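Presented sequentially are two complexes of chain A, the first with chain B as partner and the second with chain C.
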Partner chain A sequence: MHALTVICTYVRLGMLNVLQYRGDFIFQIVGILIGLVTSLLTIGIVFNQTDSLNGWTTDDLIALVGIQILMRGVISMVIRPSMQQLMEGVRLGTFDFTLTKPADAQLLASVSQFNAAAVADIVIGLGVLVVSLARLGATVGFADAILFVVLLFAGTVMVYSFLLMLSTCSFWFVKLSNILVIFGTMFENAGRWPITIYPGWFRVTLTFLIPVAVAITVPAQSLTGRLDWQTTMLALGLTALFAVGSRWFWKFGLTHYTGASA
Partner chain B sequence: MSSSPDVSIAVHDLRKVYQVPERDSGLRAAVTSLFNRKSRAVEAVQSISFDIQPGEIVGFLGPNGAGKTTTLKMLSGLLHPTTGTADVLGYTPWDRDRAYLGQMALIMGNRNQLTWDIPVADSFELNKAIFRIRASDYRTRVDELVELLDIGDLIRKPVRNLSLGERMKCEIAGSLLHQPRVLFLDEPTIGLDVAMQRRIRSFISEYNRRTGASILLTSHYMADVEALCQRVIVIHHGSLLYDGDLAELVRRFSPNKTIIVELEEGAPAPDDRIAAIIDRAEVIEQSAVGLTIRVPKAQTAAATSRLLAHLPVSDLTVEDPPIEEVIEDVFNIDVDAAPSKDERATMMATGATCPVDHGQFARDEAS
Partner chain C sequence: MATSAPENRSTFDDLSPRSLLGYYAAKFRAEFALQLAYRGAMLIWLFGLIIQPLVSLVVWTTVADSNGGEAGGFTTGEYAAYFVVLMVVNHLTFVWHMWEFGWRIQTGFFSPMLMRPIHPVHNDVVENLSFKAMGLIGIVPAAIILAVVFNADFGETSFGNAAAFVPALLLAMALRFILEWTLALAAFWMTKVSAMNDFYTFLSFFLSGMIAPLALLPEPARIVANILPFRWTVSFPVEVLLGQVGSGTIIVGFGVQLLWIAMAVLILRRLWAVAASRYSAVGA
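Our next item is the complex of A and B:
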């Protein structure tokens, strides 16, 4: 309950922040639109040459792009900016203040920033998804829809846990902001295609090391009727493992936090 | 777990050793250190002990790097000590019990926690949510703090639009909304102008009077310490050098007196004659109309009479050196010559003078 109050307050403050910087907000939306057009053009170019990519059709891939944009919105709304802020706080020493608050430090660190422009990502992602589903003529049943939402949630938890672990490393290494850039690049470029098209070693990387697979490909598979129960269980199991592991790693990292000096 | 009701902070043999990464300057050393990091143990705080009563304001003094901030960070639960214990309001700080954190505040003058881009009042809302402050209490306290700190016009402005002093006042208000019973202030007036320093000082004193909070304060401005603290704790190189009355500190640590002499009009400047008149005088300042001399305390009377006898004096005053100077003397103590832990313990128990080499002391005894 208290956690919810804290999260709501942060979100409300985040919205106020947007009103302070309207110009930046508009540019972020322009950036999102450019990203969308590039993604669709790339798909168009590929499918000028072929009808099917490892069994995925144009509309399947458009659905995947929709999910990628949607996930990007979810991640960049709170998780990514908060993690960035956490690393910055560790470097500058302002993270001290997070630790002196009577609330769970992981919670405070994870929701401290809110990027309202990400809502545009979510809206556009949903839009692309709906259009592609209509073109597929697919009928998504109630159970499928539930599974899709569950997998999307699992993907979010997985990416969150992953980023939390990366950020926790800053307790030892202090300056690590580039690590988030690497994640962003992988997410943008590798996540644009279903991981099934990649060679085995890269698929393993994208599943276990940089969890783009669970976050994007698996939900897309569930919507386009490609998902078997083994993959579902693997995705959910990995998510639970990442969530527990990252919590443990965070607690361990905290005991190593020395803060910046005065 | 619980402390006696008449002690709000009890620190016993607190010690903190840091592992500090170390490398030589230059590219080669930088590359080597990427693969082979060397570190060195630095003892930032060496077994310090003290008690603070409820409602007490204690000045925590020491030069940069003495271990003040490290101690404050341990007491506010940010750092685990290497060894030793502390009990604050019945809690062990580094357990970071939420009940404890809800009654404590750490304010650092050189770091801000208010959100940069939004109005101050919105940042306050965040603390209200985190500290679970009841709406009615929140309104009363905001009103009270706004009035005491005179920040009525400021709290609607984004933090980035505030001056340093304005921001500090808002920082303090935001940190006190949950009405902490223990307050750790790390240089709350750093970088502020004199008027603003005075304002913050009187506010701290008022907050202490109204709430009975215990306050441990570090500051490099002696005016802060003189105005707020009867008692001071001095640490240097991580060791406790002195714990007691501020006035006593001056008496005990200052081996000198300052004599200010005004000469009769038209009298020739005494120049090098001073050395002939008094043995160990140190001329601090000299002008056409007079001079300021520092002499060992024991020689004050003799020096005064010799000055009166040998110079055309129109006025003469004897003063204790300013507290800044005394503190500087204390800080200049050579670590190796500093008393051992046992000696310090005896010294504090008996009220004896710190057996420290002050230069002047040594020469004094030689004479």
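Our next item is the complex of A and C:
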């Protein structure tokens, strides 16, 4: 219950922030739409030359783009800004205050920032997804829908765990915030296409090192009927492993945290 | 042209070539030391400059492969060569000031730059060139590895192509820098330039050949790419090196590049005089 109150407070502060900077919000929407048009035109140019990209059709890829935008919204709503704040806090020493608060430090650090403007990504991403599904004429059954939501959730947990591990590293290495840029680059560029088209070494990187695969490709595979149960189990197992591992690493990191000013 | 600018504001012509040369020599030394100190940040920028062409390379070689080794007039190896060279050219013409000027103005970072008796563009030229020179340490090995891994085909490249590539590249570097530095001045009028920058990046992705070789774009888009400066900032040097354009087109291309540079310089000089006299930093 206490945890819920903490989260609600941060959400309310985030909403007030958007209302305060309405102009920024509009520009952000313009940026998202331009990115969407870039993706769609690129798909158009590619499919001018071919009927299928490694077995994926135009509408499959549009669904993937929808999921990418949706996931970007989910990640940049709380996880990404909070982790950025955490790294900054460790560098400046303000993380000390987080530790003194009477709630779980991981929870506090993980929800400290709420970027309500990310709702725009979520709405636009869902819109693209619905349109592409309608064009595919796909009949998404109840079980498929459940699986899709579960996989989206798994993808979110995976990305969260990955970023938490990175942030925990900042207890030892102070200047790591730039690493978030690498994650963003991978997510925006490589995440726009199904990872099955990439050569093996790149696919491994995108699955285990910078987990874009589980977050975008796997949910897209489930919606377009490309997912076998082995991949599903692998994705869920990997997510569980990342979640447990990051929690353990966080606790281990905390025992080594000395504070910037101490 | 200095009529509207107050006396202490720098124009382009205040310094003799001799003292300018001294400035550049000292500034380059300082800038190299700075880039060396912040090599972590440099690596992350390079990462982005490698990943983006790499993704396009993978997509297009996949398309060609699934079509039996050829699509849209390019073979798999030719796509690989195109995007490998594009990666190098894009790095060497890369300019980031459109994304920095808003920050410079809001934080007052511009104030000391404008007070100095030398035009701020010189500072940015040095910054830009030393970033590119240092970056080659990462970009060139990456290009060679990718060319080998993806079997890039340089079969059409002749000695003449390689020779013509050098001026095409240098002109492209000059053009893209002057053009984007001029566009960056928009931040003197607008507090938020991100939407404009997003739109410019969107256009340049398609029209400068970053997403796909221009030959694959629909006819109207190709015409626009020819008229606007985009093709001449990135795609043209790549086409020249890979032997995709004839010698007549190469000569015309040099002319178009020079014409755009001359136009951009004229606009820059006019705009700068107005921009600098409008400047007011937050808190100033």
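Brief remarks follow.
Criterion: the second predicted complex is superposed on the first by the 261 of 262 C-alpha atoms of A that agree within 3 Å, B and C clash if a C-alpha of one lies under 4 Å from a C-alpha of the other, contacts with A are read in each partner's own complex, and residues count from 1 in each chain.
We adopt the following convention: contacts are C-beta pairs under 8 Å (C-beta built on N, C-alpha and C of every residue); 3 or more make two chains touch, one makes a residue touch a chain.
Quantities reported herein were computed from a predicted structural model and do not represent experimental measurements.
In the superposed pair of complexes, A:241 makes contact with neither chain B nor chain C.
Look at A:197: by the touch rule set out above, it reaches chain C but stays clear of chain B. Of the two partner chains placed around the shared chain by superposition, chain B is the only one that A:6 touches, whereas chain C remains out of contact.
Contacts of A:130 after superposition: neither chain B nor chain C is touched.
After overlaying the two complexes on the shared chain, residue contacts for A:185 are found with chain C alone; chain B is out of touch. For chain C in complex with chain A, the touching residues are 40-41, 44, 47-48, 51-52, 55, 58-60, 62-63, 66-67, 71-72, 149, 192, 194-195, 198-199, 202, 205-206, 211-212, 216-217. If you check the complex, the residues on chain A that touch chain C are 23-24, 27, 30-31, 34-35, 37-38, 41-42, 45-46, 48-50, 52-54, 175, 178-179, 181-182, 185-186, 189-190, 192-193, 197-199, 202. Chain B meets chain A in the complex at residues 18, 68-69, 73, 76-80, 96, 98-102, 104-106, 108, 110-113, 115, 117-119, 122-123, 125-126, 128-132, 158, 186-187. Every residue of chain A that touches chain B in the complex is listed here, in rising order: 2, 5-6, 8-10, 12-13, 16-17, 20-21, 92-94, 96-97, 99-103, 108, 255, 257-259, 261-262.
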